[in-house]
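The structures considered in this document are given below.
Two complexes follow with subunit A in common, the first pairing it with subunit B and the second with subunit C.
This part shows the complex of A and B:
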């Protein structure tokens, strides 16, 4: 157990270090971390204090929360499908959320509540479609069909999003602005709902974590141990879809975190979902804040969408992992 | 020489003569040289600056890529070219089918947007390609002469260009002390602020009037180098004395900054030198009439600058 807590501490320290590094990087080079510390001691913020407190800090928070939510969503999806390929982007949920928002932008009259809610709606519908294609009355739930259905739903949703790129410049620019995984314009208004949803996600998935362990034994076995596999799968899917949608609403569809992070964490923390839960959240946050640092530096002083950087880091790792894991079931 | 031979050579000569009448103009443009009929009657234009060119010599196009919004062709143009044109779709993806159905004898296309469909356009009609979207102001005036030649109205166009240059000189003379100010133009929609860099059309216009710029001047002419998405922190680095904004949305992204301490501390904001202009006229239109509209706006702004 001491061994395990050491791993957690390593993750926490790495995440805090990358968050602090990200905070100290920006187009204004006269702003330092010390401005953040002194910001807490004064009532009236100076300009440098305001830059780091009002502009950079919420952005770093968004990066951390988006990464944590996607890591968690990926873990839940892999648990309930018992499929190592399951992740928000492979099951089409990411793209469904982007489509929900895009529809809201193109047809403002159909917006229910707000754009965030449109993203959640899109994610839930895409997830529901994917899962219903994977479930057939005759053969039951099929893991391979799940992935194929997810790819189809995702490709369709993203094709619809991309269709708007050929529409009028202004509309296209707005859709790209919302869906390109750019968090450079984040502010405290984005952080508040994200914190609320993340807390709800943590609590509900922690309550389900033990059930996920039972599910890993197989549907029949878990039923024998008193779990209701269909209900757990349904609840898990709704939580994962909502967590994903809320990240899409602030940061656009960020791929690969949900796929890579659970694999990475299982390597070091084992198969128990109660231990994996904090690990996937911390590691997801770490990857996203590292990506954020690279996004700020790669074309300095201009920004590169963080989503692209995530894919640049995540894709090679996933390849490495698939090639090196012994007896992989992929 | 027999009479027959005389006749044949006479016919041949006549044919050569007629051919040279029909194909009077070899026009050199961004993608090569195109043979353009002497005085094209049915012209399709795929960018707003080309409307500006035709309107300045009183020619009406049969088709315009007007983004399917007819009011994007402003009254200053419709007063001259009328309202009879057919919309051929958006500037980004104009409809080849509608264009073909109009039987054009000249198409004027944009380098950035339409290079990829140049072959297809050329099959419909002789096509010339000019750098409107990512070109700067001096280039846009040079393009006026090319278009004048292509539509067989060189003399008229040169006269208009000369008048335009005199008008602009007059504006420049009226705006004094511009060299004391860093001026920056940007458009803002719901999600972002896009600054027009010194290499862009509007950037080069501000330079012509003597304003300074704090943005890094790049060599490239890609879309992203012309129109740079800018966060509040980046804007505070540019920190212009005069900030000119074109808003495509209400409320625009920059309005969400109103209460930010960093925004309030910008030199332009502190001194009350933030000015709103008509985004469409500045950022989508270019050409001579468009530049004169911009100049008139700038003159008004300079009268108010504190």
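This part shows the complex of A and C:
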């Protein structure tokens, strides 16, 4: 147990360190962390204080929350499908959210509630489609079917998103910038709903964490232990889709964090989802804020969208994973 | 007496085969497909920002008396239609060959990552060597496609992986290449964004005769080689052991066929961008129409591929003139549901 707490502490420290590092990096090199501290003491913000408080701090928050949400969503999806290759971007959920969001931008009249809700709606529909196509009555979720269905749903959604490009040039520019997963323009307005949804996600998935452990034993066994596998899968999918959608609404479709992080954590924290849950969130936040640092530095002083850095890290990992996945899982 | 009667009746085997073939249902289907391709091509010449009546189109094509629209049809639309026909046929043959080799109905150039590899290298060329004329794009695309195929080949070499694994590895390689493409797109200054972006969505916009001259020879050669190797696909389709038993060097044949399929797909990506799902849809439709014999499936799927791409290109121009919708977007919108339909109906082993 002491061993485990040591690992958690390491993760927390690493995450805080990378968050602070990302705060102190930016095109303006004369802005330091001390400006943040002094910003709390004064009423009137100087330019340096404003840069770190209004521009960099919300951005780092968004990176951390997006990473945590995607890590959690990936863990839930892998738990309910019992498939190591499941993740929001591979199952088409990311792209579905992007489609919902884009439709909302193009046809403001069809927006229900607000844009975030459109993204959630798109993600839920895409996830439902992928799962219903992949779920065969005989042998549950088959890896290749799941991934192929996800690719088809994702390709369809993306084709529709691209279709909207032709309608309006300015809109196209906006959507392209946003679909590449750019968080450089985040502000405090983005952070607030993200925090609320993240808290809801944590609470609801913590309530389900034990059921995920039961589900890992197989559907029949979990039923014998008093769980309702179909209900758990449904609720898990809804939580995962919502968490993904809310990150897509803020940061655009960020690929592969949901795939890489749960694997990484399972290697160090074991299979118990109650212990995995905080670990995946912390590790997701760590990876995303590291990616944010790389995004700021790789083409200094210009920025590269963080989502692309994640894809460049995550895609080779997917290759590695697809080479090592056990034959029994297919 | 009886011997002379026999001699009269005996014809060479190829004549007899041809006679049977001309009376078969698949021959009729091929002819119908051919006519449809012609009709679709003429329609595609007519539609666009300026719609041209059919009489004028035909006058222009055959240089008859009466009204003509030489500039629009001969300079702008005809090269597009010719390119659409060639790339459609190439992608379809490539898809049919890959499906036969991997023995998986869901395989296609896109799924095994060849399309994305070709796209990555073509993008790299646009960025790194902007001064080189666009007619060299197919070369870069070929290099990328072959590289992707090689990665897949070596990653699975000696591991005795199933077709499922091969597809998974291909998907992964495709993801890597796509993230590379995304990086390049975003690293570009904004004003240079338009060209590769339009090109990536699979468009025939702004294609001229230079593009046709650059690719017709390799595409036609590869397609011809692919068509003549059709019977080997039939043998390979029986499974590796049976094929070896029938005297086929399975590894070598697979490699050659995979190379042809890769080249066909990469060249067409190099000239027309990523036309998703054509390589998947065309062989399936063809197989439904003419059965499983690859000597019939390959030409039929080439015709179906041509028809699909010409229709997508024409429809892209006809829906919202004067705005153009990229052919690749339309093929993806119709292809993805088709893909799922195939997935749901194809039996699981």
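FYI, the second predicted complex is superposed on the first by the 303 of 330 C-alpha atoms of A that agree within 3 Å, B and C clash if a C-alpha of one lies under 4 Å from a C-alpha of the other, contacts with A are read in each partner's own complex, and residues count from 1 in each chain.
The rule is simple: contacts are C-beta pairs under 8 Å (C-beta built on N, C-alpha and C of every residue); 3 or more make two chains touch, one makes a residue touch a chain.
Quick caveat: nothing in here was measured; it's all calculated off a predicted structure.
A.B. asks: Which partner does A:255 contact after superposing on A: first (subunit B), second (subunit C), both, neither?
C.D. replies: second
A.B. asks: Considering only touches as defined above, state whether A:184 meets subunit B (first), subunit C (second), both or neither.
C.D. replies: A:184: touches subunit B, not subunit C.
A.B. asks: Determine, under the contact definition given at the top, whether A:174 touches first (subunit B), second (subunit C), both, or neither.
C.D. replies: Once the two structures are laid over each other on A, A:174 reaches subunit B alone.
A.B. asks: Quick one: classify A:25 as touching subunit B (first), subunit C (second), both or neither.
C.D. replies: neither
A.B. asks: With the two structures laid over each other on chain A, which partner does A:16 touch: subunit B (first), subunit C (second), both, or neither?
C.D. replies: Neither partner.
A.B. asks: Is A:148 touching anything from subunit B or subunit C once the two structures are fitted on A? First, second, both or neither.
C.D. replies: Only subunit C is touched by A:148; subunit B is not.
A.B. asks: After lining up the shared chain so the two structures overlap, which partner does A:315 touch, if you call subunit B first and subunit C second: first, second, both or neither?
C.D. replies: So A:315 only meets subunit C here.
A.B. asks: Count the residues of subunit A touched by subunit B and by subunit C, then name the partner with the higher count.
C.D. replies: C
A.B. asks: Touching A:111 in the superposition: subunit B (first), subunit C (second), both, neither?
C.D. replies: It touches nothing on subunit B or subunit C.
A.B. asks: Could you say whether A:50 touches subunit B, subunit C, both of them, or neither, answering first, second, both or neither?
C.D. replies: First partner only.
A.B. asks: After overlaying the two complexes on chain A, where does the subunit B footprint on subunit A coincide with the subunit C footprint?
C.D. replies: The answer is residues 166, 173 of subunit A.
A.B. asks: Mind listing the subunit A positions that touch subunit C in their complex?
C.D. replies: These residues of subunit A touch subunit C: 85, 133, 136, 138-139, 142-145, 147-149, 151-153, 155-156, 158-160, 162-163, 166, 173, 176, 180, 255-256, 299, 304-305, 308, 311-312, 314-316, 318-319, 321-323, 325, 327, 330.
A.B. asks: For subunit C, which residues are in contact with subunit A within the complex?
C.D. replies: Touch list, subunit C to subunit A: 106, 111, 155, 159, 162, 164-165, 167-169, 171-173, 175-176, 178-180, 182-183, 185-187, 190, 193, 197, 201, 276-277, 320, 323-326, 328-329, 332-333, 335-337, 339-340, 343-344, 348.
A.B. asks: Flag every residue of subunit B that touches subunit A in the complex, lowest number first.
C.D. replies: Interface residues on the subunit B side: 67-68, 90-93, 189-192, 228-229, 231-234, 236-237, 248, 253, 256, 260-262, 265.
A.B. asks: Note which residues of subunit A are touching subunit B in the complex, please.
C.D. replies: For subunit A paired with subunit B, touching residues are 26-28, 45, 47, 50-51, 54-56, 166-170, 172-174, 177-178, 184-185, 187, 301-303.
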